[in-house]
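Below is one structure; the comments refer to it alone.
Chain nomenclature is as follows: A, B, C and D, assigned in order of appearance, with residue numbering initiated at 1 for each chain independently.
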Amino acid sequence: MKKDVDELILYPREWVDETSSRVHEVVHRWAQKEIIEDRLAYTHHYETQFDEKRKSLSLTIGLQKLTLPEEYGGGGWNTMQHVPGVVTIVSEIARADAAIGVISAMTYSIFGLIASERNRKDALTKALAPMFCGNNLATPSVMLPGAGMTGEDTPLFMGRALPVSIEPAAGGYRLMGGAMRPLACGHMADLYCVACTDKDGESCVAFVPAEAEGIIKGPAVKTTGLNACRNATISFDGVRIPEEYVLRDPNMLATLHIWINLYLGAVSVGSSLNFFEILRDWAESRTIKGGTPMKENPLCASVLADVAEEIALSRLLLYNMAHVFVHSERFGAVEDKGMFTFAQMIGSRIQKSALLAINRGMELMGSAGYAKEWHVEKHWRDVKTIQSALCGVGAGVPVKMDIARFFFDCKEV
Amino acid sequence: MNHIDEFCVPHEYISPMEKHLRRVLRNWVDTYVMPNRRLYDEDWKDHHLLEPAFDRLMAGLGFQKAMFPPECGGWGLGKSDYLFRAAYAISEEIGRGDTGIAVAFGVTFWPIFTILIDPYENMRLAKELAPLYCNTDKAFFAANAMTEPQGGADIENMELLKGKTIRTTARLDGDEWVINGHKLWPTNSGGTGKLFGVPCTTKPGSDDPNDFAFIFVPAETPGVTQSSPYEKAGMAADKNGDIWFEDVRVPSWYRAHGPGTDFIAFYQLISLGQVASIAFLTGAMMNLYERLYEFVSTRTYRNKPLKEHDAVAAVIGRIAGDIDICRILGYEAAMIGDRRRMPYGDPITSERTVGRIRNIKDFVSDRAVENFGTAMDILGAYGADRDWDIEKHWRDIKIVQLWMGGKQLCQMEAARYYFNCKTL
Amino acid sequence: MKKDVDELILYPREWVDETSSRVHEVVHRWAQKEIIEDRLAYTHHYETQFDEKRKSLSLTIGLQKLTLPEEYGGGGWNTMQHVPGVVTIVSEIARADAAIGVISAMTYSIFGLIASERNRKDALTKALAPMFCGNNLATPSVMLPGAGMTGEDTPLFMGRALPVSIEPAAGGYRLMGGAMRPLACGHMADLYCVACTDKDGESCVAFVPAEAEGIIKGPAVKTTGLNACRNATISFDGVRIPEEYVLRDPNMLATLHIWINLYLGAVSVGSSLNFFEILRDWAESRTIKGGTPMKENPLCASVLADVAEEIALSRLLLYNMAHVFVHSERFGAVEDKGMFTFAQMIGSRIQKSALLAINRGMELMGSAGYAKEWHVEKHWRDVKTIQSALCGVGAGVPVKMDIARFFFDCKEV
Amino acid sequence: MNHIDEFCVPHEYISPMEKHLRRVLRNWVDTYVMPNRRLYDEDWKDHHLLEPAFDRLMAGLGFQKAMFPPECGGWGLGKSDYLFRAAYAISEEIGRGDTGIAVAFGVTFWPIFTILIDPYENMRLAKELAPLYCNTDKAFFAANAMTEPQGGADIENMELLKGKTIRTTARLDGDEWVINGHKLWPTNSGGTGKLFGVPCTTKPGSDDPNDFAFIFVPAETPGVTQSSPYEKAGMAADKNGDIWFEDVRVPSWYRAHGPGTDFIAFYQLISLGQVASIAFLTGAMMNLYERLYEFVSTRTYRNKPLKEHDAVAAVIGRIAGDIDICRILGYEAAMIGDRRRMPYGDPITSERTVGRIRNIKDFVSDRAVENFGTAMDILGAYGADRDWDIEKHWRDIKIVQLWMGGKQLCQMEAARYYFNCKTL
């Protein structure tokens, strides 16, 4: 009998608590039944079915509120020891559908940032809780700093441009600037989580409900992948938000990068796990050279091995990232900057590995890799979209500069 | 460097007509393709937007006549000493705009190459088929119906399998061939193709090259059925579908040549197809350079243009450098083909020519896949945007890497040549 | 003040027990004082100084007997929970000198195989203990299966040729065959640990003391690196060994591969850690473009980042390999074949990463990377020598086939 | 494919003398180098074994005369339309045997290129120096003393720094130049070099090209001191050491040309050096193919020859394919140089030529480093063996990747050209 991927692509189960394992099983059933086994139908009615599938996961099963504190109506998984479990769950969601995975990842990242025991922002969490703990789907959109425009002198976060700024306004703040491209869901978001600066150029993170006045939303952009997470360019023209909606601690933006690298890593690993399953079926059933099963051809087998290796190692690294984050004290000296660096380093490696695995595996699938029917091309487009947006402008050079700063104490790169 | 035309050119190889060909096609691409190509993904089924572009290129500008000899109303390129180099230049210019268009256009010639390139000419058949190409004001599409459901890349693996796995049968009944079988995925199927070149076997299971037959089948012949096109990740201009042949009857002289010769004439297509594939890729990469140049000049890191940041410069420099290199190799691959009639050249069906050209195709494919991927990363949050055009090429060129037997077959044929492997 | 590498290139210290940490400190002092700070002298008198340096580590500090059971005069570290600690120590040794690291790695692998609590072979351990617990240096030489010769039909272990066979002889076995190349130290070994087969083609591991009659030793070969571990081609012409010197359980050869991948991984990580230190000094003190410190040039910084990333991730993977091995039950279903696969997969990845890090870093060092004076070229040659020998014939294809067999259930590759 | 001579050749580029040159050198390599090269590592200091080989090649066969014009007793290659291509073929053949020998030989011409290639000729000086090369039965070595302790690759980064960081000074005193400074690492120093070409500044700290001077200094001139050779990881045939100049006086006409012209004449060396470097690498890789072919044919996995295992075949096929590709690129790089006098060519000091050739050098270096590394892996436990010769090339070719400013400078110059970067 064919083995389950979890028996092959190993991860340290000791780090995942039992409650998480039970939720994982529920999500696994959802993934299998509602999406994976229904994929041919899902291919052709993707856009319309998307909300329905999300609802069953987020509202019926209740995962949307999972990481909010119990006292605000959440699932109570706002402790750090649940983090590896959430990683497992996000992977499982993305195994079915990367777009739902990305929305989950952004949700959990935001509440990781503001509601986790390590750094609770109670007023903000309380204010946002109804949106995520109610009976409607809530879509967040995370806006990280990125490339600036030539000729503009923009405040920077680790070299990346922060074109949105805040200034105090009666009882809160006013946001200005933008033409920023979110990671995803810019066009359909209910809540924006925005990297910005104060007037001293210090980085902050601001939360902006979509109904606030002054949000300028560009047209929905057509994108390679994550087509259900309709994106758009977003600007702010004097948008007002309450005081507690801004996190002014300059570590917050770095911490947001950690959370998002972790959970988007989980998405791409999950997507590549499903790719592994599809490829395995293909390699077993397809024959080449007039009769040999593809998997028994040594060259094909070596490509299969490369695929498995990339996925297995990136899954291992993903859990290591979670583990270092949760137990940084046991890892020697991971202060904030170190953790930020490790998250960027492992996060970008995971994205690269997941995409490499799919790219290589597609080599064996010929046109089946390319036809919508097989679903492989969707994983490929989705993961690529995540990778490009997350690992950032300049072929990952900003991440490399982060790494060089940490390990070699560079000052000016 | 200020313009894509400054990428390396081996001047000594250039044909006298190249400059003219490129100018005409550059103008056509900029007029017909560039303004519309972002919408082509949605046009994959109907080709409403694509049709006028094809008509202009193929019938209006007359490019679909190119390969036929003048006596058939064509331009005579099929017999030119510059055949491969001209094909390279044409394919590159079109590929710059849209590799899907480039392949749909290029493949239209693919079946008739078996009868138009000396020494394997069949003028009777050429004259019969020429009006379809030369006597029309609409684009005419033809297809090579090669791949079969069970076979995958087997049909392209001629050297090893010699047609042994082909299940589409051709039986001579009086002065007609009767064809039965099921083909899938040909470029220009899914309803567009009006003429099919069909590799068949006259003796199922045989690996004797004499039992391989290449037969022309007009699409409207009774018994031919086409499916509607598949939905794919990209390459909307290239429709692909199933073709079923049920007791399809065509005249006996619709066979390209005859026992043995069909096999070798068909085998010529491999290298031609590979050289065109290389050109599609270098064309797409030239466009990559144009788009990337704009991005890295207008976007910043640390408030400096990306291209002025040494680490980014190294990455984009490598991309541009690869384009230069791939182009040198592309021209060399074309030249290897065009040396076929020179005293120091090899036949295009020789193991040496096939191995070398496959090797270059494999290499250029890998560079293209990697460089487009990197370019999307450079664009970061904009990498996935339709508006930057790079993502479209990224989706399209992956299929160029995969087609014609894919990467692994390329690797095997190259290895076989370089190391005299016997059992691969 | 410049940070210690262990504060930058993190590893999960929680997995390393306290005793190990104390021994680590002792070894660290040895490495620093006896070798690293003495390197210019060591460069020119390498061959003669080698034994002396080894003696101080192996005999004076006592590391040679470290992993033998106490009851036979050993250090008593034959429990599995010491394994991550031994990894740390081997890395530290190799940070100073890869050749001493390789000898240690082979020693610990052998006693891991026969003396660890998981699989004790008491009679054999007792027989070999005096050689390693006495007052003389003892050098083992591990001989793994590899490429066969065209035209010979050799028994195979996972596709690799096993040219040495055993047959029963009065009270023991007789070994025949060979022309095998050990991983290292073939010319100077006191003990050979030999992959071989019985007459049914089942794999075994045999131990052959160097003084046994019938060992045919080729001339010392000149090699790229590990020049102190003089190697030679070895054959056996009817060599007799006692019965307990042969491990006939067919899992033993796979298990030997696990141990050797783990500890040689530690060697290459250690070597690359020292390379990191040298490169860091270089990048700080060297200026380019007429004045900028090299590390502040962004392109150089991006190369530095690549170097750091490769080393940091391979160190992380190394400890993961140790952890999976020690606690396989916590990792889901790692049965023997799974662990063998993971060890090969991670082991070869570590070797590749370590070498890649050095190869890339050398790009920045120009002729200093190449001149013997800087010691960088020695790490480069040593790690390459380990990598080629360990990851095996055929550009790692046998390892890829192992991976494909496990993940895709291939039978014939 | 059965022989290294079947690797791709762009036939149209080949010079009439190439076949002869290659035959003579192939024979010399097989007679003098191959039987001894495994021992060269031990010969790095004394060159006992190397000296006879050099004498035979350079004096016996006369190759050290090659660049001088016939009126100076040379072969006139310096003024040939085939200069770069001949240099490529010569360097490749020698590099096949030993890249250390190839560089020691090639660099002997390097300083005099500044005065022998039109339009920057200096016949007075050429005639004065010619007897050293042409009138002897011993190998004659010369060196370009460029690198300085503080500068690293700065001296090769002429385009950006224009000699600004050079600390070796030249002061005109009557009709003599007085030179002071410290150079290190030149090929053919460490005692072998008898003539040095020395880039100096006539005005320290200036980035005005007019203040750059290239001056010839015979090694025995008072005030010149050489260290003994450094010990290196490989390339034993190439001795490197320190050279100190203390109030060294040479005649004023020992300056290559004069203000401005020295700079541009010196800058020609970059592209010549890069083309030769590419040839060293392709030569070494051709030998890699020879040795690897033997291993993969005689060793097995699963009791089948390695080359018959599809997965191994793909890897070795890629290696051989890379050799083919690098060779095509190498000839193109040479051709780019030789187009300097053709109407469609560019000067060898143009940004375009320098950028393109650097790009090819960077690419070929990376392929060589990777392919030799992979080849050692293929050999497994034998990869590190001196007896298989691959490890020697592996050690040697890494230095080819690193020299002349190294990989990063190559990347920067290429990026500057392709993207018009201003501040790199």
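The working rule: a contact is a pair of C-beta atoms (placed from the backbone, for glycine too) under 8 Å apart; a residue touches a chain by one contact, two chains touch by 3 or more.
Because the structure is a prediction, the values reported are computed rather than measured.
Just to note, of A-D and C-D, the chains joined by more C-beta pairs in contact are C-D.
Taking the mean of C-alpha positions as each chain's centre, the chain lying farthest from the centre of chain B is C. Chain B and chain C have Cα centroids separated by 50 Å. Centre-to-centre separation between chain C and chain D, using Cα means, comes to 38 Å.
With touch defined as above, residues shared between interfaces to two or more other chains in chain A number as follows: 297-302, 397, 400-401, 413.
With touch defined as above, residues shared between interfaces to two or more other chains in chain D number as follows: 297, 309-314, 316, 408, 411-412. The touching residues of chain B, counted against chain D in their complex, run 1-2, 6, 8, 10-13, 289, 293, 296-297, 304, 307-308, 310, 313-314, 316-318, 320-322, 324-325, 328-329, 332, 335-336, 339, 342, 344-345, 352, 355-356, 359-360, 362-363, 408, 411-412, 414-424. The part of chain A that touches chain C in the complex is made up of residues 2, 6-14, 276, 280, 283-284, 295-298, 301-302, 304-306, 308-309, 312-313, 316-317, 320, 323-324, 327, 330-334, 338, 342, 345-346, 349, 397, 399-404, 406-413.
Those residues of chain A that touch chain B in the complex are listed here as 146-150, 152-154, 156, 159-161, 181-183, 221-226, 286-291, 299-300, 303, 355, 359, 362-367, 369-373, 377, 380-381, 384-385, 387-389, 391-398, 400-401, 413.
Residue ranges on chain C touching chain B, taken from their complex, read 297-302.
The touching residues of chain D, counted against chain A in their complex, run 309-314.
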